[in-house]
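Across the two complexes that follow, subunit A remains constant while its partner is subunit B and subsequently subunit C.
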Partner chain A sequence: MKTIIKLTRYGIISAARSRWILGYTAFFFLASEGLMRFGGDTSKAVASLLNVVLLLIPLVSIVIGTMTVYNNRDFTELLLSQPLKRGSLFAGQYLGLALPLTAAYLLGVGVPLLARMGSTDSVTNAGLVLMLLASGTALTHIFTALALVVATRYDDRAFGLGAALLLWLMAAALYDGIMLAVIWTFRDYPLEMPVLAMSILNPIDLARTLVMLKFDVAALMGYTGAVFEKFFGTALGMSAAASALLFWVLAPFGLGMKIFAKKDF
Partner chain B sequence: MIELRNCTKRFGEHTVLNGINLRFEAGSVTAVLGPNGSGKTTLMKTILGLVRPESGEMFIEGESVLGGAEYRNVIGYMPQIARFQDNLTARELIAMIRDIRENPPGSREEELCAMFDLAPHLGKQLKTLSGGTRQKVNAVLAFMFNPQILMLDEPTAGLDPIAASTFKDLVLAEREAGRMILLTSHIMSEVHELADTIVFLLEGNVYFQGASAELLANTGENTLERAIARLLQEKNHSAAFELKNLKTQHFSA
Partner chain C sequence: MLAVCVFGNATAKTHDLYPSHEGGVIARAVSGAQAGDTLRLHAGVYQEHDIVIRKPLVLIAAAGDEHKAVIDATLKGSSIVFVRTSGVTMRGLVLRNVPVSYMNDNAAIRVEGAQNGTFENLRIDNALFGLYLATSANCHIVGNVLRATKGNESSSGNGIHLWRCDNITVERNDVHGHRDGIYLEFNRHALVRGNTSEGNMRYGLHFMFSDSCAYEGNTFRNNGSGVAVMYSRFVRMTDNRFLNNWGAAAYGVLFKDITDSYMAGNHFIKNTVGLYAEGVNRTKIEHNEFRENGWALKMLGSSSDNVFRFNNVIGNSFDVTTNSFGSENRFIHNYWSRYEGYDLDRNGLGDVPFRPVRLFSVLVEEQQPALVLMHSLLVNMLDVAERVIPSMTPEALMDVAPSMKPFEITTTKAQTAIRKN
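Up next, the complex of A and B:
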């Protein structure tokens, strides 16, 4: 445990000095600040930010994650020659990446949005902003864990980066296409439950659904919207969503840990 | 004392270590020699636990250690020239490794940094350091805790002559202090200068193990370089001879 904290701390120090994390924070800050300043109201800003968040967080987390692991390869070897357990090293590596990325996102998006809370906005908007921040945090953790799996499993840098991008493309775009195809093919049948199940299985879709349902307009999204709202409004629905997100963090983390434990360096 | 029993490691089809049995004693310098790809680095990484062998056992001071982590407390490792991308400075890296090792008392980092003239480079980020300077930082990391076992993988590659000779003095002093030192090198004069014992690896097998003087006497050569070349020639001859025998048998049958 102590070693994990030490390694995480060094990961954070190293990330804090790199330019990409500054750029990442600055981008989110400028985007949110701009939308708030010129768009005016929080729910409009969140609606615009949502699409950026859903595409950019997974992409940046998985690309930065894989590249950092590849770049630190020699460094990891040096650490493995110390009296450290491989499990601690893997956990430290994960937290040293996921925490700075999360902090960058929370600072960049959270500060401009939360600073204006209280003054003009209603309480519902607070829930909306918090849901946006929470889903962004979950996506960061999920895609960092996936990055570690890819980079630990494949030694070839180009191949690993390709696999990472493919994963991102699957989750961000192809999955929705498949979902639409399913809906179109079976359009004569009642599809609320299958669609609900499918949108829980993909973390990006799940994050989108969770944030969308916090909008006032969710009630206008027709029958399916009503089914969704009814489901996620219940304790069962929320715990299903939370467990799906948790599963998407823990499953790749566990898999990566297993590969890391057996790997030859 | 390290003992390896029947260690086998395969990378896919390729057997890198083929049931190797070896013993390394304290107070001696053993050079692991062999052509490129003969398994020298894999042997070191197996001892360190960086590479996990398919089968076999390893004992340090009689204790089975394979798969553990604690035993690396008594090992200092100097890898082949490492390319650190990390933006830690040299000083921070040294502090970090000391921190990970729980600040053992009697750390020699200051003495070693002075020895290798590292003072002007300590504040620089690792990725900006030259290969040789990084190698000096690696030397500090390997030696600073007075480890009982030192594993040096081509340690002088990239070092300038002054640093290399400082380094060799350091290795000899450590041997006098009763440490067990294992090193690989392609520089035969260096092996001749440092090593008491030679392990010659070929295609994953221990082809020769013994004192360097013994190797010279056996092959009737004056220098290690020629003795090694002779070993390889003999090996090729015997292989050719076996092949010839095989063919003769085949035709006569």
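Up next, the complex of A and C:
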């Protein structure tokens, strides 16, 4: 446990020293501040931020994650020569990455949005902002864990980075393409439940659906919206969504840990 | 009783009425009065219902007692006042508590076979139907406030209900909480102007088989399903506002089988579907504003020879959808906030055409669950690709010369447009 805390602290300090995390925070801050200032409306700002969050967080998390692991390779090897548990090392590495990224996101987006949540804003808007923050946090954790898997599995930097980008592309775009193809192929059938299931399986789609359902957009979706709202409105649906996200953190984390434990450095 | 000459008519008298414990004050006065007499109701509650008027009378609140003279049916009987003759005027009264009936169309004021009736400045609370006019003509329904609070679609009635009427003016009324706010069936030449119809269970305005009617400057807000307009010709809708009709089956305006009609100066804001057009033909839609709707315009393949021009289409999730590959309608000189073209010759019109149908909207039209992919990276990329090379979207449906700047939609402009038209 001590090892984990120490390594996490090391990760946070080294992240704070590097410029990318500042740039990352500043970007989110400027984007949300600008949208709030010029758009003026919380729900509109969230709508615009949603795309940024869904694209950028996975991309940055997975790229920064892989790069950091590769850059720290020597340090990791040094630590491995010490009498430390490999599991603790891995967990410390993970937290040292995921926590600064999450903090950067929460500060950058959360502060401008929550600071401007005046009395004029409804409870719905508060729910919207919280959902955006929560799903962004989940995505950060998921893609950091995936980054660790990739970087631990492949020693070749270029290959690892390529694999990371491919993973991101899969989740961000290709999966939706498959979904569209399925929807189009089976368009003569009632597809509400299959689409619901498919959108739960991909964390980016799930995050987008969760935030979108907090908008009025559910009305736009007619019957589909009603099905979705009914599902995610229930305790069962919410816990299904939460456990899907949790699964996407834990599964890669566990896998990465397993690879890390057996890896011959 | 006091007898006073009014209107210079030597025979017309004015009867002053006060509430009494005996009841039946108004009914007795009505049967005792001569044609052309005025019944002046003083402040207080008159517990009466089924007052049948068979001669031209004027029922008004006494001066200073406007909206204080209350006729309360106490949820009994069918109608409160039943007008069966021409030339009746009612003004400044409050009518309330008309019982729900699943068999009869109970109304606060029921008018049958009447000419030249005037119903003005009345307040109608908790009535099944508010004003129910059947087979009447040349009546004025002006400045009334109708409020219903209870019930659901099947246990409530319409606010202002016109059935087989001719030349009725419905002006500056405020209807809230009924089934349909304003309902017209088999009417001719009705003028519906400056009304507010809000928070009704079904439609704010609902008309069918009503040709040559005009709807000007009304506001329809937050109604269960918006406004539905069907099977009519020569309809003119100008300067109306259709706002916040948001729900799975809500429309700013639902047009079904509408022909030779005209729509201008209307604002469609924050509706699930701004304008839904099915079987609409030879209709001109111009100088309207469509803003922040789910779909600005859904025009089905059964619509043809319509002109859609000089409209602002701004910030809608989908601009236009259709279920047809061809386009028999003309879209020209509209302002589209999604348009990304340029104007090299600086004539105010874009040099490249705009195709308002997105690929994604075609997919959604085909299979609604696809909507979960809205805002996804892939869908946005597909839309861009489709815009460059249309394959699944109707190629012919385009605005060849879209406006570069939004139009200013004002009442006057719409009026000029109407005059030019």
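In this text, the second predicted complex is superposed on the first by the 263 of 265 C-alpha atoms of A that agree within 3 Å, B and C clash if a C-alpha of one lies under 4 Å from a C-alpha of the other, contacts with A are read in each partner's own complex, and residues count from 1 in each chain.
Convention: contacts are C-beta pairs under 8 Å (C-beta built on N, C-alpha and C of every residue); 3 or more make two chains touch, one makes a residue touch a chain.
Note that this is a predicted model, so its numbers are computed, not measured.
Participant: After the overlay on subunit A, what do you see for subunit B versus subunit C, clash or fit?
Facilitator: They fit side by side.
Participant: Tell me which partner A:Gln82 touches in the superposition: subunit B (first), subunit C (second), both or neither.
Facilitator: first
Participant: Of the two partner chains, subunit B (first) and subunit C (second), which one does A:Met1 touch, if any: first, second, both, or neither?
Facilitator: neither
Participant: Could you read off the angle at the CA centre of subunit A, spanning the centres of subunit B and subunit C, to the nearest 10°?
Facilitator: Reported to the nearest 10, the angle reads 170 degrees.
Participant: Answer with first, second, both or neither: which of subunit B and subunit C does A:Asn71 touch in the superposed model?
Facilitator: first
Participant: Going by the contact rule set out at the top, does A:Glu192 touch subunit B (first), subunit C (second), both, or neither?
Facilitator: A:Glu192 contacts subunit C only, not subunit B.
Participant: State whether A:Ala235 touches subunit B only (first), subunit C only (second), both chains, or neither.
Facilitator: In the superposed model, A:Ala235 contacts neither subunit B nor subunit C.
Participant: Spot which of subunit B and subunit C makes contact with more residues of subunit A, would you?
Facilitator: Here the partner covering more residues of subunit A is C.
Participant: Once the two structures sit on chain A together, report how near the CA atoms of subunit B get to those of subunit C, whole Å.
Facilitator: Closest C-alpha pair between subunit B and subunit C: 34 Å.
Participant: Once the complexes are superposed, what residues of subunit A are shared between the subunit B interface and the subunit C interface?
Facilitator: Of subunit A, no residue contacts subunit B in one complex and subunit C in the other.
Participant: What residues on subunit A touch subunit B, complex-wise?
Facilitator: Residue list for subunit A touching subunit B: 3, 6-7, 10, 13-14, 17-18, 71-72, 74-75, 77-86, 262-265.
Participant: Give every residue of subunit C touching subunit A within the complex, in rising order.
Facilitator: 246-250, 272, 294, 317, 363, 366-379, 381-382
Participant: Which bits of subunit A are touching subunit C when the two form their complex?
Facilitator: Against subunit C, the touching part of subunit A is residues 47, 50-51, 54-55, 172-174, 176-177, 179-180, 183-184, 187, 191-192, 195-196, 199, 205, 208-209, 212, 216-217, 219-226, 228.
Participant: If we count contacts the way the header does, which residues on subunit B are in touch with subunit A in the complex?
Facilitator: Interface residues on subunit B, with respect to subunit A: 9, 11, 45, 48-52, 69-73, 75, 77, 79, 82-88, 92, 96-97, 99-101, 138, 141.
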